[in-house]
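Across the two complexes that follow, chain A remains constant while its partner is chain B and subsequently chain C.
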Partner chain A sequence: MQFTSESIEHVVELLSTLPTIGKKTARRLAFHLLRQPQEFVDQFASAMVQMRTGVRECSVCCTFTDREVCAICSHEKRDRSVICVVEQPSDVMAIEKTNDYRGLYHVLHGALSPLDGIGPDDIRLHELLSRLNMQVHELILALNPNVEGEVTTQYIAKMVSPLAIPVTRIARGVPMGSDLEFADDATLARALEGRTPV
Partner chain B sequence: MQFTSESIEHVVELLSTLPTIGKKTARRLAFHLLRQPQEFVDQFASAMVQMRTGVRECSVCCTFTDREVCAICSHEKRDRSVICVVEQPSDVMAIEKTNDYRGLYHVLHGALSPLDGIGPDDIRLHELLSRLNMQVHELILALNPNVEGEVTTQYIAKMVSPLAIPVTRIARGVPMGSDLEFADDATLARALEGRTPV
Partner chain C sequence: MIIRSVQLRAFRSHTSADLECAPDVTILSGKNGVGKTSFLEAISVCAVGKSFVPVPDAALIQHGQDQCSVSVRCERDLHVPYHVSVTIREGVRKKIETTFAQHCTPKDLIGELPIVALSPDHKSITMGGPADRRAFVDGLMAQSSKRVTELLYEHRRLLKQRNSMLAEAAHHGGKVEGLDAWTDGFLTCSAEVIRRRKDVLDDLAPRIREAYDAVSGGEEVIDVRYEADGVSDASANVEEQLRNAYEKVASREIQRGLTLFGPQKDEVAFMINKGVVRETASQGQHKSLLVSLKIAECALLFERTQERPVVLLDDVFSELDRSRCEHVMQTVLAMRMQCFVTTTEGAEMKKLVPVGTMIEVTSDK
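== the complex of A and B ==
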C-alpha cells in the first residue's frame, strides 16, 4: 500500500539516483523541502536548470565554466608554459586550494578505462594535443593514483613524446600527517622508489 | 579567486542548506548533475516544484498527501476507533512498514518545545482534539523518546483526560537485537519499569 504521496515518491526516487544519497536520506531531504517556503523550492529548481543550461566546458582547458574561456585560462597572471592535466573539474579546485600552482590546467573529464569502454576519443585528449605548442615547457600529469589513472598517464606520455615536451607526474608517497605503520604496501613501495635527497 | 562558475556555486550553496549535505557533498552532487542529460535535470527540477506545490496536509490526519484526504484515512479497511499520534509524516511510514497497525494516524508536525518557542498552537493539536469523538476508543501516543516528546505526551494526556478516551503510549525499553550490557541507564530503567508478565 502506498502510504505517502506519488509526487513525494517521485522526488525521493530522483534524489536517490544521486551519489552518496540512499533511499532514507532521499526521503529526509524530500520532507525537508516540503517544510521550506515555496519560493525556496522554486529558486532551487531554477538554479539547477540554469546551471545545467548555462555551464559549458572552457574552450581552452575543458573545465566547467559559465563563459567561453574560464577564469583561470583568461587570467593574465597565470603561467602559460605549464599545463597540469587532471581528470575532473573538482581536481582543479583541489589543486587551486593549495595556492601553490600558477600554471594552467587541462581537464580530461575521465580517464582511459578499456573495461568500461572508455577510450582515447571519450576523454579530452584531442583538445589536450591541440594545446601543446612551442609555448608549453612542461606537462604535469595529476591523474588519480589507480589503474585508470596509470593507464592514462602512460598513454599521454607516449602521445606527447614526439613533441619533446617534458612530461612529469605528481609524486606518489605517504600522505602528510599519516603513520608509516598504516600505509599500504603499494604506497610505501612508491614512496621508497620516489625518494629524494634531503 | 573564483575558480568555478557562479551558477555552479549557487547550486552548491543551495544544496548545502539541506540536512546531511555538507559543502563537499554538495559540490559532488552539482558536478554529478552537470554530467546528466539536460532532460534529467529539467525533470528533477519540475518534480521538486510539483511536489512542493501539490503536496498538502491531509484534512483528517495532517500527514503529507496529494489529495484532500490521504490514502490511509480514506482506506475503508482501517480501524477508525484507534488513532496513533506521531510527530512527523516519516513516522507514519516507519510504523506502516511494521504491517502491525491497522488504525489511523495523527501527525503533529513537531513536538512542544518551549525553549525553541514551539507551543501548542504551532503543532496540530487543535486538529487532533477536533477528531476525538465517541467513535475513538484509544489514542496511542508514539512520540520520540526525548524531552520534547515527553512534554508533548504529558500535554496531550492532560488535554484529552476530560474526554474519557483511553490514552496509551508505546513501550520504551531495550531495542530488539541489542545487548543489555550496552543499553544506557535511562533505557534500562524504563525497561524495568515497563516489565510485563511472561
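== the complex of A and C ==
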C-alpha cells in the first residue's frame, strides 16, 4: 500500500487516537475536513488550540472552565449548602441536563484505582475537604456504579465522617419510563437490594 | 434451549463449517484431530465467551488467519429465537452480537445460553486443586444469576485492585493511603460471594447424592463440605468472621504484598464415606462423582433458570466405561436436554443412543 498524501495519513493517525474513533471514521473525518473551506479549518484548529490553552480547572469545584471560578460556582442562585461529588466534568453536564439540581459540584477527575496508579493524592480530595465548612449541609456522592466508584464513595464517606456533614449517595436501580420486565437482571437485583420504605 | 445451527469461520482447523443440529443428540464422530471438539468449543464461546478447554483466545484462530468467528442460532424452551455471534481477533476485545444487543461483553452472554460441559479436562474438578472446584461452583452460580455473574466480576476486580495496592505497600515498606477502603469493599463483596456459594452448595449437595446413588448403586455416602477461608460458620455473620481473619493476616499481607484471606482461597471438599475424594477415592469413584456433579449441575441449572441447559460431552467415552456412559446419556435424555457428543467410535456410540443424528466430521468439513 502507498500513501498519496503523508499529511492526510498524519491527520488520520492523530484522529484515530481519540476515544471511540477508529481508523475508518478517522479517515472519513479527515476527508470531510479536506473538503471544507479554508476558513472553517482555520477556525476549527484555532478553537482546539484555544480550548487547550484557555480552559483550566475551576478554583472551587475543579470542573473545566474558561474563568477562575466557573459559571456554576459563581452563580448567586445556586444552593451553597449542597455539594454533589462526581468523577468527571462530563458528569456535571449530565446532572445539569436534569434541570433538577440547584446545588454545587465537586469534580474529582477520577476514582481510586491502584491498578492505574491512582491513589487519594491523585484525585481532587484535598480540594474537596477544604470546601467542607459550616455552610455545607449535605454531600451527595454521584460516582460511577463500578468497583472503583464504590470504593471511592466509601473512602470519601469515611474521610468526611468526623465533620458530621450528612453524606448521601445517588440511588441505583431501574431507569424511569421503562418496564420492569425490560430491565437487565443485574440492575433489577441491585434495585431489589437497595429497596426503600414507602 | 435448543441449538439449531452452529457456524464456524477460520475457527481452529475449520476454514468454514456449518452444523445443523438435532434437537436431542448430535453425535460428532471422526478420527483424532479432525476438529470435532471445535464445534463444542464454538458453542462454549457463544455461551460463556470462552472455550471450556483452558486455552488463550488466540489459539482458537485458524493458523495463518487474523480473526475467527462463530455463531449459533438457538430456540429457547418457550420457542423464542436467540442468536449469538462472536468474532475473535488477537489483541482486540471480542466483538459479540446477540439478539438483544450489538455490542456485548462476555459478561452479558453468561446465562443466556446455559451449557454444561464435560471433557477429559474436567477430571480436575475431583482430582485437582481447590481452584478447579471453585471454578465449577462459580460457573454454575454465574450461569444461573446475572447478579452473581456481576458479583464474581466485582470480586475479581476488587482482589486485583487490592493486590496492586498491597504490592505497592510491600514495595514502600509500609502502609499506603487508601488501603482500608479497598479492604472494606473486598470484605463486603467477599462475604456476599461466600453466602452465594453456600446457598448454591446447599442446593447442589442433595442432587449430587441422588445422582451418585443412581450411578454407583447407593452403597457409598457422598457429602459436600464448604470450607470458606477464615469463616467457620457460613450461615452466621460472615463479614465479621472475615474481618477477624483479615486482622490475623493484615501485617503478613503487607510483607508479602498479596491478599491472604477471602473466597479466592475457599475449598469445596467432596467426601465419600467421610474420606476426602481427592485423597481417598478410587479411579472409578472419581469418574462416578464427576458424572454425578455434572448431572446435578444440569438439574440445578434447569431448576434455577427454567431453561434446559445444552449438554456438551467431549470425548468422555474414552474416559468412562460403557455403563457410566449409558447412564449419562439416559439421564440427559430423560431430562429432555439437547446433547452434543464427540467420539472417535461413532458406531459404538450409536448403539448406546437410539435417537439423534450422527455426523461424520472430516478435517475440511
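In this text, the second predicted complex is superposed on the first by the 186 of 198 C-alpha atoms of A that agree within 3 Å, B and C clash if a C-alpha of one lies under 4 Å from a C-alpha of the other, contacts with A are read in each partner's own complex, and residues count from 1 in each chain.
Here is the rule we go by: a contact is a pair of C-beta atoms (placed from the backbone, for glycine too) under 8 Å apart; a residue touches a chain by one contact, two chains touch by 3 or more.
Since we're looking at a predicted model, the values are computed, not measured.
In the superposition on chain A, A:G119 contacts chain C only, with no contact to chain B. Legend: residue contacts after superposition of the two complexes on their common chain; A:L129 is shown touching neither chain B nor chain C. In the superposition on chain A, contact of A:L163 is made with neither chain B nor chain C.
In the superposed model, A:V69 makes contact with neither chain B nor chain C. Judged by the touch definition given at the top, the superposed model places A:R52 against chain B, while chain C stays out of reach. Contact with chain C, but none with chain B, is seen for A:E150 once the two complexes are overlaid on the shared chain. For chain A, the partner with contacts to more residues, out of chain B and chain C, is B.
Once chain A of one complex is fitted onto chain A of the other, the partner contacts of A:V92 are limited to chain B, with no touch recorded for chain C. Only residues 112-115, 119-121, 146-148, 150-152, 154-155, 158, 184-186, 189-190 of chain A touch chain C when the two sit together in their complex. Considering their complex, residues 1-8, 10-11, 14, 18-21, 25, 27-34, 36, 38, 41-55, 63-67, 70-72, 75, 88-90, 92-93, 96 of chain B touch chain A. By the touch rule above, chain C contacts chain A in their complex via residues 111, 145-147, 149-150, 154, 157-158, 160-162, 164-165, 168, 176-178, 180-182, 184-185.
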